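What follows is a single structure, and I will ask about it in a moment.
Naming follows writing order (A, B, C, D and E), and every chain is counted from residue 1.
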C-alpha cells in the first residue's frame, strides 16, 4: 500500500543519472563486444558505488532521525521499574549514553559497519540476533506473497491489456482496483472473522494467527506452517497484485500499437506467440522495475498484516520496537529495511542491461 | 497469372476515416510498382491491408488476389501461412519495426523456423547467408537492433523480408528516414535483389523522384485514391493530373535555371480522411478546378497508352499539359 | 499422577513427538496453552521486567517467600522461616533443604547468596530488580540452609523480595549479564514447579512439569504449559473460541465487548477478579530535585489544591466505570485497590469529592478562576488550557480522555490530550499538567507509597528517578517512615490509610477506578484453576505460581471435539486452497485452448 | 436596467475581442472538451459522483447528523448496540451512532487525503522540475536526496515520523506528504526531461527565454496534467496511509477518522464480538473514497494522455 | 577591454553580419568513449541579405554549428562574431543577441508548445524581451508576413489544429515578430510534405527580398539549396570541405564528396557514386584528408595519378576561409584544378 504503490512509481529505465543523452538509443554502431563488457562493468561499478553512498546516508540518518523520538533508554531497559540515581548512571555508562553525541555517533558508525547495532533495550539481545531471528518469518510470508502477486499481476495484466476493453478486462481491472483500495489490515481482520473464526455456515478453517501451532516436526510442520500462511498471504496478494497488474497492463498497452508487433504478425506468428515472444518481453521493463522495488520491500514486511496475524516477523518487530521505543532495534531495523531496498534497486539497475539490451550501454 | 491483383479496395478506420477508397492495382512477377503520395493519403494503410494487418475494427472491402487467392476471404490460419511466405513487408521505421529485445539473427530466423519448418542449424545458416546478401557481416546476427545504424537496420529488415523467399515484397517508405547516401545504398540493394530473384515489388514513398528512378510503374495517390498511374518516367516528367504535376514539380532539378530561386509547391492543406471534401477530393487545392469538380467525383480515365488519371481535364482525348494550363487561365 | 487419558490431546501429542523421553511415556500428555499478548523480553531473571516473563519465572524458579493464594499473606517459599535482628538491620533466612535443581544438584542458601551478591556487584544484573538490593550491605550464606542479609537501613520488603533465585553452578559462568538471556540451553535449569523446555521469540515458551518440585501437597496436573504470543487480542480470543488455546489473559484485560461475547459461549468461562491496579489522574505538583531545584512547566493554577479538587469533582467516576470499563471495574477513591482488604481506604462522607460539576465550578470561582466567554481564566487573565499525558497504546486513556475533555469543557477548562508511546520523557521533565497514571499494587504497599516520598525525587532535573509524580511532602514522608518501621500489621495498616487519606485530599493522585482483571478459559480443557485471592480473584499474573500449579485438566472426552475441529480445519483449509489452485489451472488451460488458434 | 447592461457586453466583445478574454473563452472551451471526453469514462463518472456525494456529506456533517455526534458524554445509545432504526449502523463503545461518526470521519479522511497529496505534489513538482531542468551537480544532489527518500520504505518512514512528532492530524499530513513526494518528483523529473527534449524548449531558449521562463511557461503546463492524474492517485493512497497510521494509533485520538474508528473498534473488541456494523463501514468507506479517487485519476489520465503524448 | 587587439579582426569581418571563426565544438564522450568533435574548425561568414545553405550528410555537425552560431552551445575554441562584435555569453548580452538572430527548427510540430495558442506562441518572443508596443498589432503583422491571413483567424488555434505547413509558418512568424536581422533555419522543411515545402521556401525567399533578412539554411537536400540559396557550404565530418556560389558548386563540384552527393540524386546524369560504409563518426576523425577513407577518387586511383594519394592520407588540409569565394579543401582538386585550368 501507501503512495509508492501507484504505477507511476516506475522509474525511467535509464536509472538515476541525469544524463539526457542516455535516454535515446545510441545512434552509431558500437564497437566490439569487449568494449561493451567493459562499459557494462563500469556501469555496474558506478551503480554499486551509488548504492554504497546511499547506504552510508541511511546509516547516518537512522542515527539522527530516531534520536528525535522523545524517549528514555534507561526506562526501556528497566521496563519502567524505578531506579536509583547510581543505577541510572551505571546503566547510562554501560550503554555509552553518557558519551557526547559525536562520540556515540562515531562508535555507532564504526559498530554498524561491522554489523553490530548494539543491544536491544527491551530484549537485551544484540539487535542483529533479534533481526535474524525474525527475518525468516517475514521472508516466508512476504516472499510467498510477493511471488504470488507478481505472477498473478503479470498474468492478469498481460491478459487484460491484450484484450483491452473486453468484458473480462473491465471486470478484472475493476476488481483489482477495488481490492487495491481496501486497507490491508481491514481485509485481514475480515478474513480472520470469516475464515478463521468462522461465521454462519462457514467453519473456522484457518488459524487466527501465528506461524505455527508449535511442536510439529517434519512434513507435518511444513503443512502446519502452510496452513498458517494461507490467510495472511491471501490478504497480501489481494491488496498487492493490482499494482503489478496495472503497470503490466499499461506498459503492454503502450506496446500494443508498436510497429514491431505488426512486423511479428506480418511474419505469420500466432496471436499468442506475438504476445509472448514480442509484446511481453518489451513491456516487462517497467514491471521489472516495480518488482524490484517490491522486492526491496519484502524485507520490511507488512507491518499491519504481520500485526493483525500475529506474525513473528520484522514488520511486527519494528512496530513494537518503535512503540517502546527501543532505539537500537529501531535503528537496526530501519537500516536493514533501507538496505534491502537499496540492494534490490541496485540489483535491478545491474540487471536491466541484461534484461533489456537497450539500457545502460 | 498476375502476382497481385487488388480490386476496388476500400478501408475505413473505426473513427470513420476513409483511408483507402476504391483502389485497383496489379503487380506482375518481376514488376516494380511505385506508390507515391503525401502523408496521410493511405499508402501504409493500403500496404497493411494487403496482408490483413489492419486493426480488427478497420473495415476492409474489395478483393485482394495474391497468386489468385483472395486474402480477404481466407481463414486466419491460411492468412498466417501466406504472410511472409507469400508476401513480406519492409516497414518504414526499421528501429521500431525490429524488436529491441531480441537479437537480429533470431528475428530473421523466426519466420524461417515458422514457415520453412527448418532446424535451428538450418535457420542459422540461412540467416548468415541473408545477412551477407544484404551486405552485412554474418557475425552481426548477434547484435541487437540498437547496436546498428539506421542503414544497417534497414538492411536487416530487407534480409528479413527475403527470409522465406516470398513472391512479393512490399516496401513501405524503406528509405525515408535515411541520409541521402544511405538512401542510395538501400535503393540499389533493393533493385538488385528484386532483379536477382525476379520478385514483385511494391515500393511506397512520397519521393516521386526516387520512385521514378527505381520503379517500372507509378501510382500517385491522393486522399485514399489513385489519381494517376502509368509508366514511372512518364508520370514523373509529364504528369497529367494537377496533383501529380505539382508533386513532381516539388523536386527541382539541379542545374535547371527554371527552378533556381523558384521553389514550387501546392497551396492548401492535405485533406482530412475523416472529413473529405465533396466531389473531387483535390478540388480545393486544384489550380485548374472547374465548377463540376466540387460536386462530381472523378474516376480514373485513360490518359494515354498505359496511363490513366482521375481528372476532368483528361478523358475524351489526350490533353496536353499546356492545354490544361491554358484552359485554367481562361476559366 | 492421574490416569492417562485415552484420547490424545492435539497440542500435547505434538509436544511429545520431538521428545524421546516423552515418547517412552506413550505420549499421552496434557498441555495447557496460555495466550499472552506480550512478547517475552528476556528469560533472565536479572533482565526480565514484563509480566509474561516474571510469570514464567515464577514457574521456573523459587523465591525466598511466596504469598498465600487465599489472602496474599506471606508464606514460606525457598526460605522456610525468617527473622530480623532487633535493630532490623540483619535478616536471617532458613533455606529449605528439600529443593533440588532440575539437573539434580541441590538448591541451597549459597545459590540465594550468589543471586543477591551478583545483583549487588554487577550493574547489569541489577537491571530488573536492583531496587530490592539497593539497600543491602552484605549477603552471606554461612551454611547450606542459612542466609544472612545485612542492611544499610531498615527495609519493609524483606519478606517480599520478589527475586527469583538462580542456580549458582550455572550462572557463575555467565560473562555478561546484560546480554545473557538464559534462552539457549534447554531445558533451563530451575527449581520451580515447571521447567522451560523451549522458546521461540515472539511465538511461544514451552514448559514441562518438574517432577522434583519440593511442594508435594499437590502435583501439577498439566504435563506441559505453553505460553503462546498473540499480538492481537482478538486473535487470541478467536484462538480460545476454536480451542487452540486454553486460556486468554487480557492485556491488561479482555475488553467489555470481548468478555460479553465470550460469556454466552459454550465451554468457556470468563473469570473476572478485582484488579491489582489503580487508575488515576496524576497532577503535576511542580517538580523539584532532591536539593529543591525547581523544573518543569506545569500549569501554575494546578498548584492550588482547590483547583485540583475542583477538577476531580467534575469527573464522574461512575460513568467511567459504566461506559469505559462497562462495569468491569470498581469506582476509585483511595489509593490502594479493595483487593488488598487490609489497606483499602475510603474517604468519609464530607471528605469525599463526589461528582458535582456545579460545586466544582463554584470551587473554581472561589479560588479566583472566573468564567470569561465560556472559558475559565487564570490569574494571568489567560484561559486555562491543560495538557494531559496519555499512553498511546492504552485505549482506556484515550476513551477517558474524551470524557474528561467534555466534562472539564463544561466547567470552562480546556484539555489537550498528548498521547505518546513513551510518556516518561515529558513526565520526568515535569512538562505536563495532568497525566494518566496507574500502578499494579503488590501485597505489600511499600513500593507504591515510597514513590511519592521526597527521597524518591531525582537528583538532577529531568533525570529518571524513583518518584512517580514528583510529590514531596513532609506530612506524607513522616507517615511513610512511620509505617516502614511499624511491625504490627494493624497499626501499619492504619498509618497506610492515613497516607491514602492525605493523598486523596491533596488532589495529586485522583484515583478514578480499579479495573478488574478479565480473563477467560476453556472449561473443556481446564476443569478448575486457583484464583488469587481464592474468592473472586484473578488467574494470570498472580504473585505466585498457584494458578498453573493447581490447574486441573478437564476429562479427555470434553477436549476431543476441539481437537478434531482444528485438525479438520487444517484439512479443510488445505483442500480449499488446493481446489482454488486446481480450479485456476483448469480455467487457465481452457482459456488457452480457446485462444490458441482462431484469434488475431 | 440590468438587461441593457448584459446586452452591451456581448455587443462589445465581438468588436474588440481582447486576446485575453478570447483566450479565456478558449480555456473554457478546452475544459468543456475535457469534460466531454471525461464523460465517456463511465468508471470515472462513478468515481466523481461518489466523491461529490462524500464531499457534500463531509461539508454538511453538522447539519446531517448534528454537531454533537462526536460527544461521548451526550452519547444517545448504549455501548455497541447493533443496527436499529435509531442507529442504522449501531453504536460504538460509548454509545455514539456509528453512522454519525462515519459522516464526521469523512471530514478527516478527505482533509488529510487532499492536504497530504497537495503537500506531496507541491514538493515533488518543484523538485522534479528543478532537477529535470538544470543539469550539473545541483540536479545530482537533488536526485540523490530524492533517491534517498525513495529507498525508505514509505510506511516505515511515515510511522517513524508520526512517532517523532506529536499526535495530530497535521502530523499525519506532514508525515504522508514528506514521505511520498519522491515518487512524484521522479515522475515529474522524467516528464520534465522529456519535455525539455522537445524542440519548443530549444526555440524558447533561442528566443532568449530565461530558466524561469522555460520552467514556468513551458515545462510546468506540460507537466501539470500528469501531475493532476498523479495527484488523484496520491490522494487515494494518502487516505489509505492515514487510515493505517490511525489504525496503528499514530493519529490524534480525539479526532474521529475512519482509520481511527477501525482502531477504536478493534480496541473495543469488535472483532471478537463479531460487531460487523462497527467494523465493516469504516473499511468500506475508506475503500470507496480511495477507489473513487483512483477511478477519477485513471479517467483523467486516459483523457489527458493521448494529447500529452507522454508515451509516444 | 582589449579593443586594440580586436580591431583588425573586426575589420576583417566587416562585411559579414555573422561570422564563425575557427569554430570548434567538442562533446565529451559518454561512458569512456572518445570525445566527439562535432564541429572541427569552421570559418563561415554570412553577409547581410545573403542566404547560405549548409549541406552535408547526417551527423556531420550541421546542427551543432547552427546551435553554436546562436549561442545555444558554447564553442570549445574559436569564436562567433555578430555585426562586428564577438558574441558575449553573459545572459543579458545573449538575450539581446537572440532578439536579432532567430532560430527555425526542422520540426514545426515539436517547435510549438501544444498548450500554447498560436497567439501565445508568436507573442512569446515579445514577452520575453518586454516589448512595449502593441503586442496584438505586432503578432498580426508577423502572422500576415508569414502568410497566415487573416491573422485573427489563427490567433486562438492550438498547434494540433493546424496543418504542418501552417505550423511552420507560425514558427517563422514567431521569429519574424522580433524583426531579426538573421534567421538560422535548421532543416526547415525536412518534415513537411513535398507539396507543402515549396511554399515555405518561397516565403523565406520573399522575406529576404522584402526585409533584407539574412539566412543560414541547414539542409541535407541539395535541391533545396538550388531552390533558394546564394551560396552553399558543404560540410563533412565537422569541417566545411567546399564552399562557393550555388551555381558553381552544384553544377561543377570540385570536391569528390560533393560530386558523390550530387551523383546519387535520382535525376542526376551518369553513374551514381554510392559511397560505401556508414556515416562518419566525429569521435574518430581520420588523419590526413578527413574524407580519404571513403573517397572514390582515392579508391579508383585517380588521386594516385594526380600524385596526391599520399598527401590525401597524411597531410591535413587547411580550414577554408569564410569568405564568399569558391574554395575547396581537397588535395586532388587542388592538383587537378590546375590541370583542368590548363586544358581549358
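Definition applied: a residue touches a chain if its C-beta (ideal position, glycine included) is under 8 Å from a C-beta of that chain, and two chains touch if they have at least 3 such contacts.
What you see is a predicted model, and the numbers here were worked out from it, not measured in a lab.
The chain with its C-alpha centre at the largest distance from the centre of chain E is C.
For chain B, the chain with the farthest CA centroid is C. Counted by C-beta pairs in contact, the busier of A-B and A-D is A-D.
The distance from the centre of chain D to the centre of chain E, each centre being the mean of the chain's C-alpha atoms, comes to 50 Å.
Taking each chain's centre as the mean of its C-alpha atoms, chain A lies 37 Å from chain C.
Chain geometry summary: the mean Cα position of chain C and that of chain E are 87 Å apart. The set of chain E residues that touch two or more partner chains comprises 278-279. Shown for chain B are the residues in touch with two or more other chains, namely 149, 152.
Among the residues of chain D, those touching two or more other chains are numbered 163, 266, 271-272, 274. Listed in rising order, the residues of chain A touching chain C in the complex are 69-72, 74-85, 87-88, 90-91, 94, 119, 122-126, 130, 133-134, 189, 192, 196-197, 203-217, 220, 223-224, 226-227, 230, 265, 270-272, 307-310, 312, 316-317, 320, 322-325.
Interface of chain E with chain B (complex): residues 57-58, 163-166, 193-202, 205, 220-224, 226-228, 246-247, 250-251, 260-262, 264-268, 272, 274-276, 278-279. By the touch rule above, chain B contacts chain A in their complex via residues 48, 51, 53, 79-85, 88-89, 91-93, 95-102, 110-111, 114-115, 143-144, 146-150, 152, 160. Across the interface of their complex, chain D is touched by residues 70, 72, 91, 94-96, 98-99, 102-103, 105-107, 110-115, 117, 119-120, 124-125, 128-129, 135-136, 155-156, 158, 160, 171, 174, 178 of chain E. Note for the complex: chain A touches chain B at residues 25-30, 258-260, 262-270, 277-278, 281-282, 356-358.
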